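Before I ask anything, here is the structure I am working with.
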């Protein structure tokens, strides 16, 4: 019997960037197959090609032995493939049931939508998550009223409702709590028993080893290894993912002296997931916000920056209370924010590198006229100091790689001289070399006395960069790790809410 | 309040309509007489129809500024075809069919540019409206060319004692109900609510958007045929204000211009509210020169209110 | 090859080529079309369009589907106000300009607040404002034409001023320099592009996007009010729908000039070329003695062709 899926020689370019170069993947019938690799290795692109939302440049894909073009999501669906989307594919304005059966609405008399069947079947599906689905989650609930984990469950149900032969789960567990993950894994085992294959992508290695039968590892757009899970170890997998091991040096600068003065003091702030968070940060300190994703770290940064003001508590900067209602207030008080979601939060697409770099300092200095000469020489100095590679200050921001773009946005804030710099998952989507440069910049900035708060979705970043890490769980700080107590083991244990 | 009104913003529109009806009845004692009601409905019906059609386009996240020009083009086509075929009852039927056919063609043109060539909808339908209006002037350079008596008598009269305008309204309501229960309607809202999600789910986004434009143009064509029954002649400049009024009616009816939320029933009420505002201002005895201003202000205030309520 | 295509797709180049082709076509059809005084005549018409398009340009650059469809009614308002303030009196020209510009600015600010504070989509807000202004114009003029231009204003717009060129062209040139300076050499200009290209990022960089956008609508109103003064100077008197004919061309001039309707990219230089190309096209079509309907159809078709060049939206599948 031919395998459920056989992809070979798949290539894809986005403009000048090669996203996939000879990617291979073979998934057997009724197999849970994990697809692993570092950020930007191409695994999401490969999945989107299999699901028909991205067009491949070259390569062959066979589904159950039959060569397929997979020219659209409809074509992929016709071939029995369903993709669980990391970027959710739900329509917030529709109800859970309307979303779950979108495009497959049960029909009654005369081809009209049979709403009773629609809602009953959806409630039955929700029932698989009985006890762990949370409050106010029914077939008739509007998706915009759901919590993030409930949306993720809805997305899973939507995939199941399509009754596919092959399911791609791309980070399907990211927003789920542990009990919900357990239910999800039992569903995956049921699927396997029914002969349905699945491709599983997760950034949690422990989950992969719990559920996967086989593992394929990708690096730089190519497939580099294929293992049976039983015959490999997490260490071997990580070695394949990283390739040439090049972790950043640990502790490039000494931790600030205990005597260094307190710069930022946060007292019992609330809002969103935050359940009353208090801590203090010193001048020159690099303070990490650790823990699993979605435990309130991003909310804290958004609150400090005035993008999403706190609902309670207070913040002192150099002893003075600050309560920014909008980012402009926070910037005036001396905060800066570098986000890893550059396209959404930072870039002015189509505009020049200079415009992108200069905007924050123009605002901070309340500039009216632009003196192009001085501005250009100032930023070309800054950017060469940051080892940025760029064609010229007039080139559009989009001509740069992710790592070099992030240097532009760092330069944006360096020029505004913030006393507290907030980093929101800043290394997302940038390569290892650029990451090392980025860390050096952050350390140098801290060396000048700036206080740095960093949230990262990768623990390794926090371990190699931070003087101290506050671990978040359920909107509270559950551990304060520093010096000898700060290591990967302690971080992971604290993240899962266990005592260090 | 939020959950009570969830997806039922038209309840507010309905309340406003009832209040306006009350005020109008107080100002104009014979307002509730059948003949007066029928003449009012005759006046409001074209906007009601255009607004219903516009709703489908707006739900899909697009907009149709060409509806007014479609009304004009359908009108001149219909009267010209009737005149060319001699004006008997068969030629009237041929004229009606030609009008609807032209409407469908206009909708397909709009849908092609917006959904297939991916043009920006506002400017595109602006541009097609210029072309449609130009063609209308080509077909009939000046107002005139009366329709046969059978046409306008039929429109002013009725069938089995029910006035034709009421039958048209009832047919529109049935159409709304039928379309609203088809999978098409949910899918259309998905396309307007989150286009990438709809695409990833495997919906034929392009086809759905084209269908919405065709529906809009067909409703505009029906509105044109009604207007023709009312004016009994051709006018290449007919319906110029309908694009704006229909969008106002859609917003007043609780449909979000961003797409995905709302429905044509609200737009129907919104169109009636717009018509009633004009009535009330007229019967309130306001000096003539202030009437346009007051109507403009009320519409703007209502639009602002509609947007605020929809946002909650 | 790619580079060549890039250059050939430059809106400024396309608009400039279109101008040359249209001039050539006009000269072929009717010798003398491209004569100096004819060109000055065309530029005068283009100047009026160009001034109102400056405001439209700013609003479109500011993004969020920015568009100002009330400019026509504001032009009419400006013309009526200016005509009544002047009443043919040369001494009252400056007060007339100030009154028309001020009224336009106020209307624009109301548009801006509606768009930013109440968050009414710009298309709807400005169309609604158009309805209100049309009503206000009926009240102001009681339905009859009122007010007339001062002789000096008419001379300034229509007669040679310096070097055989009417004064209005100097005003347009000054506006062009000012627009280029503001957009390229001031922090305000850069912030317009910033909010137009990515509003969220602009806010996170500390820009007050709502305030900036409100000002843009105010400026659009101001330019339209000034255009009203130019219109009454051009024709001598006004009627309440005198500005309607400028709404659509002001948007088209901006689009021809390569300003993206999505906001955040484009220039006033392009809009100037767009205004000139548009006026030339109209003139050539008139020279061809085309009927009104065919001019309309060609107009609409031109716009559709332009959309094909740079008004397309992103593909869903990449």
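The first chain written gets the first letter, and so on, giving A, B and C; residue counts start at 1 in each chain.
Simple rule for what comes next: contacts are C-beta pairs under 8 Å (C-beta built on N, C-alpha and C of every residue); 3 or more make two chains touch, one makes a residue touch a chain.
Every value quoted in this text rests on a predicted model; they were computed, and no experiment measured them.
Novice: Looking only at which chains touch which, which shape fits best: line, ring, star, complete or other?
Specialist: complete
Novice: Looking at A-C and B-C, which one has the bigger number of contacting C-beta pairs?
Specialist: B-C
Novice: Distance from the CA centroid of chain A to that of chain C, rounded to the nearest Å?
Specialist: Inter-chain centre distance comes to 44 Å.
Novice: Any idea how many Å lie between the Cα centroids of chain B and chain C?
Specialist: Averaging C-alpha atoms per chain gives centres 31 Å apart.
Novice: Which chain C residues reach two or more other chains?
Specialist: Residue numbers touching two or more other chains: 317.
Novice: For chain A, give me the residues that contact two or more of the other chains.
Specialist: Each of 53, 72 in chain A touches at least two other chains.
Novice: At least two partner chains per residue is the criterion; list those residues in chain B.
Specialist: 196, 199
Novice: Going by the contact rule set out above, which residues of chain B touch chain A in the complex?
Specialist: The touching residues are 6-7, 181-183, 186-187, 189-190, 192-194, 196-204, 260-261.
Novice: How about chain B: which of its residues touch chain C in the complex?
Specialist: Contacts found on chain B: 63, 113, 117-120, 122-124, 126-131, 133-138, 141, 195-196, 199, 205, 244, 247-248, 251, 257-258, 289-297, 299-300, 303-304, 307-308, 311.
Novice: In the complex of these two chains, what residues of chain C are touching chain A?
Specialist: So the residues of chain C touching chain A come out as 184-191, 193-194, 197-198, 200-208, 264-265, 317-318.
Novice: How about chain C: which of its residues touch chain B in the complex?
Specialist: 65, 67, 114, 118-121, 123-125, 127-136, 138-139, 142-143, 248, 251, 255, 261-262, 291-297, 299-301, 303-304, 307-308, 311-317
Novice: Show me the residue ranges of chain A that touch chain B in the complex, using the header's touch definition.
Specialist: Touching chain B from chain A are residues 51, 53, 72-74, 76-77, 83, 85, 88-94, 98-99, 102-103, 105, 107, 111-113, 142, 158.
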